[in-house]
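Letters are used for the chains, namely A, B and C, taken in the order the chains are written, and counting of residues starts over at 1 for each.
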Amino acid sequence: MQKCLRIVWAAVFGVVIPGSVYGQTLFNSPDTFPNYSAYQYIDECVAAAARITSEADAKSSVWRDTLPLEDRERMSDVPVNAIRAAQACLVRVSVDTLSLDNTHIWASALLMAQRDHDVEKLYRRFFDSPVRRSPEEFVKMLNVYRTSRPIRLEGVERLYQFALANVSPDSVVRQVAFRLIKADMARKARNKEMKNALLREVLSITDTLSDSVKSSDAYRLVGLFLYESVRDFTEQEGLDSLSISLSAYQSYLGGIWSRVMVGPFPHNMFMNNPVGLEVPPLEGDFWYRSVKATQSVSAVERYRKIEPYSRPVKGKINLIAFLQGGCHASSFMIRGGRNNGNMSCWRIFSAIHRMKNVFPDLEVTVVSKTYGSVGDAPPVGPSEEADTLAKYFLGYHRLPATLVVSKTEFFRLAGLDQRRIDSKTANESNYTLNNISYATPGSILLVDEAGRIVSQWNINRDEESTIRRIIAAVFSRLARER
Amino acid sequence: MTEPKIISPWDAPRLLTATEAERIISETKSYCGSDGTLGISIVSWWAGSQRWARNRASMTSDQRDIKIVIFRKIGDAGGHCEATTNQIDSASLRGVAKYVELYARRSAKPNGIDMALQRPHWNSAGAPVWSDATFNRSIEENGSLVHTLTRRAEDAGFLSAGYIESYGSNYIGWNRDGWGRVSRIGGEVTQAQCSITVRHPKGTGSGWAGNSSFDFAQVDPAKIAELAFEKCFTSIDPVRIEPGRYQTILEPQAAATFFQGLIGALSRIYPERGYPGPFLLGMDQAVSRFRSKLGLKIVDERITIQHDPTDPIVGTLARPGVEKVKWVDNGTLVTMTNTPGHAFNELVSQTPIWPRDSFKVSGGNTAVDDMIKSTKRGLLMSRVSTPRLVDSVSLLYTGVTRDGLWLIENGRITKAVRNFRWTESPLFILNNIEEIGVSVPVFSPVGRGVNASSLQNSLVNVVVPALKVNDFSFTSTVDAI
Amino acid sequence: MIYTRRSVLKGSGNTILGVVAARPAMALLDNRWEPPPPIQDDRLKRLIQTAVDAAVNAGALYADARLTFTQEFVPSVTSPNRSETMGVGVRALVNGYWGFASSPLWNSAESARLGHSAVDQAKANGYGFGKSRRVELAPVLEPTSGDWIMPVKDDPFEMSLEEISDYFEGLSRFIRRLKLYQSSQILCHFMRQDKAFGSSLGQFTTQRIYRASGSVGVGIRNNEGRSTGFGLDCLSPAGLGFEHFRGQPLREYIVREHEEAMRDLDLPMVPSDVGRHMVLINQRGMGTLLSQTIGVATEIDRAMGFEANAGGTSYINAPDEMLNTLQVGSSQINITADRSAHGSVGRVRWDDEGIEPTHFTVVKNGILMNMQTNREGAGWIKSHYGNGRTQFSSFGCAYAPDAIDHPLVHSADLTLEPDAAVADDLDILRTGIEKGIELKSPDIDMDFQQISGLGSGRAYELRRGKRTAIMADIGVLFRTPELWKSIVQLGGKSDLRRFGMRSLKGEPRQEGYHDVLTPSAVVKEMTVIDIKRKA
């Protein structure tokens, strides 16, 4: 009977019986804003300002072909909203009563609120305190100024003076180190005058040092950093030498080395600098070349398959970019796109575009290899994978380059394991010079017309302008010679 | 906005119609942006159940609910937002969509994806695990059944408690990824379950039996009632014997717990990254890689463990990555679970092997009665509870026996025994097998899925044999009966 | 035309369905949509009345209905997770049998359908039975009407997401500065539930309850590679708003726990000292023990076998005979229950049968005095009442997570009364132990009658009142009656700590929450084992 009744109910399904509906889930969010002045802890204020800043940064779109040369995100000012939040949040905070245990944390929060004078007061309290604090805390305090937006060089200066006053005159290495750190900050803050003045100071100190001091372990690291700083400091001198000849450039570098360090100038010791080494021809199983085209053509029309030929091209200036690995096969770099830090593939792509625009005669070669698959795509054979890489580098990113793809030999672990173990490609082996591999993912080589390495770097935005000046010097020499 | 529709109050359909589900998806989509990832999961479920205790029904229920979960993520970096409602009118859908849109957009970062490299396109209708016999059971039929199931216990002066449920659900998981490609899973499922506990009114004996299946016809409540009664009847006034190692017959329900412990530890990532665990073989210096025990014999060669998602008996619905798999083949570890990232990076394979709780163990042909006959001195174990992992390297568990533990002497059950705490590893058990019984489905009822994926994951079915093993470790006695 | 379910499901060519019916489980729509009105809205009372009337008209001797609007929230600026769900559930009693029907739609027609359906469910139990079932519900002495809102300081659902997020990020920054910091995880969850209850007895109540819970876990590692971790147990579920976090000195607690964890790193590890030992158990451990042993065992449905096929039964298996006589613990054991303490997670003004919970004694001087009851459960032990002892009534322990589920007896908030004669806290109790073991917040596994148990987790070797080593792989075995009789010392009043507990019971499983307020305790002659040792 009950069952029958159910069927009857089902049959009358559709009968209209009015009723009142009282329920809907509307997800009404409260129309409230954070009450920053009620925040209890400075950490919360820092969190709020960081959140607002991060949201603002995320909204500033910078696209692949318009990436700036400089690290704009880091240099740009803190958004006004973040400053206001920090100010409201810290309104009740008095530097007179703050604990000195985490001075740098409080200082960074106060800087966000643009309370620079309070940071000074706080730091003064810190230095006046009879409690002995760790050197790490001092470095952190220094970093607060260095990483603030904008960088507060005046603050750095004050800390620096304090540090020098408290370092024994005998601690020459430390004296040098402090100046170098400050010079680096000045460089980042685009204060060339300050940077150069400091480096001059450093060099004059260094010139007085005995060989035994320069041989000490403490000096060695400082010296390497100094070598690089002096290169930067005397950049024009270097470029002038490079525009004369590669050997003049090598002499210039050797000269800096012998001024700041002891012992022979190792050809490739510092920063893997392989200047002057001759590189072998690239090898590859699949070759492609970009085709100049308007934007209207499809990706596959922007390149063509070619026969292997000798690269780097003798008689021309070459840029060789090793973009295997991170830039495509393990696809996180692709997924990460521009948000993936300095090593992002997109930054390399943009740099290549810009360099080619400035130096149309630059021969660009992108070197890659097969992994069995590209991005998230299903596994494919080597030939198909190489085609996809060409489509990606030359078609989609329109790199004005020749693409060389090596078929990677591999074996799979026996039995059910089946993990793929890749062998080194010929390029990876051949570009290992003096036991240092220059064919690592993201490595870029500038090679002169004789096939010798002029410079090697892993590109980041800070360096791109320097690299451009080096390329210009090489081209100017070539032009003069011709 | 969809105008409210008016329908009969008297017997609304218990589940969402396909038409209405499509309407929800399309309407929700219209409230969200066309960029980024949008996931819409709809689970509509109904459960009719009867619960009884002390030989009388204590509650009969008709429950139904809908869970609509909206997931939104814009760009590959940044955050995401998820919100759930159980209302399907336009205003509610707009409200939930507005919420996820607001917060997903707020934490979004520009999309880094710059090339439509293909990714697997997941579409799966799912294998039907549906039974009209389950869904259309009337409450009157169940009411009558409960009467039958309790009769024997009541007549004997015992107390029966139990639960019968018919569950039905349909679900859709619709997803549009960052590339704009749409995938969907969906299906309709039923599950019937029945479990019964019969106890002596003085608490001196207890028996339990249960079964679950998508098909009510396969649950066989009458047999369950009979078994529960028999177990209770024969377990009255248990005697206390010394803890120690006993040759033990594990009935399928007890054996299932140990197989589950083994199945849950089958991830290949941990051993291949060198983390200590039951399946780490060690470092292979020749290739500088940690090796797992894949390909090695890990248990008795009579044991094969597999899962076929299209088999309604172990009916997890098919979906990509949840395909037919053999974990252990004649004692050899032949497959381990794998994440997409590990599969891609290590194997250049796009096919992850997802873990799943359903499985089927190859059986033998020894009846439990025959196992008893061939036992000189040992124990018969009905069921275990509160298993706790105490050592992840040796997979050592501890727990207690319940609802029947009997002493076997010279080929026959001689007395009921007080429950024990046991401390034992499935790896030890499965390497000390004396005899294997016929594989049968055991009780593994479905959960209430909160979204399409979790619903699929909750459809657990386990088919295992009884086992007779040597030297099973009982560490102390337990007072509960 | 007869519609089978299959045709409905497939939506195949059914014109009626296409026009009007594509809305199952949602019925009877009016011409006005709106968000859930305040729970006190009169129209909701009518909605409940409709359900109750429908059930009574269909033959119910008693009926009640509940509406719930549940909001849940996991706050995070980058990945917030929020849920809003509604439910209506109707319960009907016909010839001693209960029927229940529920759905997500607040609507008068749906209410009527559920009222009818609940009666159908109840009647089905009599079908072919010929069996009677006697139910005596404890009386509702004065049918209550009223509205109540759990008092909270900061309603997280009215706060800005950013403010909550900044709070947790700030806390995270604080934690990341801790010495030897290795990893951390902060979790939180908020719930706000509006519920209305009405019955055929004329009761009608509405309430808003809150639940806040969370956890903070921190891992540290020293230079030798030895690692340990700690968590905060003060964030267990509570009947509070955001002040559950902001209102507690969490940073102080973190610093304290961190210092303890740092000390742990310097302690040697020793194997489990198998044997019988004096064991000091902290407040959290005692709370878990109370909840898992006497707490569960005194739930009346559990004791009477109504949970026999689910979680199990109880060693207190004949309440009628055991009440006022059974010695469940030593004479210093006093356990009380109620659901009214501010901040307790079990707090309600009325339970899910419209009963205002009362404060009652579960154990007095070691003797079992009362069971935790709902209206039906009180009826099972009616003989216990009267004789000037207690009035025949429910203690108000009926609870269901929402209206989709029917109410069961869930544990009330329990208090293990401290030793009023002392001012001892955990630290003082420790100093009094010459040789023993300290268990810190152990996990407890009980058998299915809450009688035999195993405790495991962090343990220290105690020598001359101090922690001298960490004891590895320790387990303690106990029997509930002996455990409560072996307590030699309880902490004093200042030692009391409150913890929210989550429990599962029923078929299908439903979760319940209750508090335990407990001091730490010293237990003599506990059986200590090596948990990894096989027979």
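In the analysis below, a contact is a pair of C-beta atoms (placed from the backbone, for glycine too) under 8 Å apart; a residue touches a chain by one contact, two chains touch by 3 or more.
Being a predicted model, the structure only gives us computed values, none of them experimental.
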### Summary
In terms of CA centroids, furthest away from chain A sits chain C
### Query
Counting C-beta pairs in contact, which comes out ahead: A-C or B-C?
B-C
### Query
Between chain A and chain B, what's the gap in Å when you average each chain's C-alpha atoms?
48
### Summary
Between the Cα centroids of chain B and chain C the separation in whole angstrom comes to 25
### Query
Per the centroid of Cα atoms for each chain, what is the distance between chain A and chain C, given in Å?
52
### Query
At which residue positions does chain C touch at least two other chains?
3, 20-21, 27-30, 33, 35, 77, 82, 84-86, 105, 109-110, 112, 120, 124, 127, 161
### Message
Two or more other chains touching the same residue: where does that happen in chain B?
### Response
4, 6-13, 78, 83, 85-87, 89, 91, 96, 99, 106-107, 138-140
### Task
Could you list the positions in chain A whose residues touch two or more of the other chains?
2, 10, 13-14, 16-19, 21, 23-29
### Message
List the residues on chain A that touch chain C in their complex, please.
### Response
2, 7, 10-11, 13-14, 16-30, 32-35, 39-48, 50-51, 102, 105
### Query
Which residues of chain C touch chain B in the complex?
3, 5-6, 8-11, 17-18, 20-31, 33, 35, 76-87, 96-105, 109-110, 112-113, 116-118, 120-122, 124-129, 131, 133, 161, 301, 304-310, 312-313, 315, 317, 404-406, 443, 445-449, 451-452, 454, 456, 473, 475, 477, 479, 507-508, 529, 531-535
### Message
With touch defined as at the start, can you tell me which chain B residues reach chain A in the complex?
### Response
4, 6-13, 76-78, 83, 85-87, 89, 91-92, 95-96, 98-99, 102, 106-115, 117-120, 138-140, 272, 287, 289, 291-292, 294-295, 333-335, 344-350
### Message
For the complex, give me every residue of chain B touching chain C.
### Response
4-20, 23, 44, 46-47, 49-51, 53-67, 78-91, 96, 99, 103, 106-107, 132, 135-136, 138-140, 142-144, 146-147, 159, 161-163, 165, 168, 170, 188, 195-197, 199, 203, 206, 208, 243-245, 385-386, 388, 390-391, 396, 398-400, 402, 419, 421, 423-424, 448, 473-481
### chain A residues touching chain B - in the complex, by the definition given at the top
2-3, 6, 9-10, 12-19, 21, 23-29, 55, 58, 61, 64, 330-331, 334-340, 346, 371-379, 388, 392, 396-397, 413, 415-421
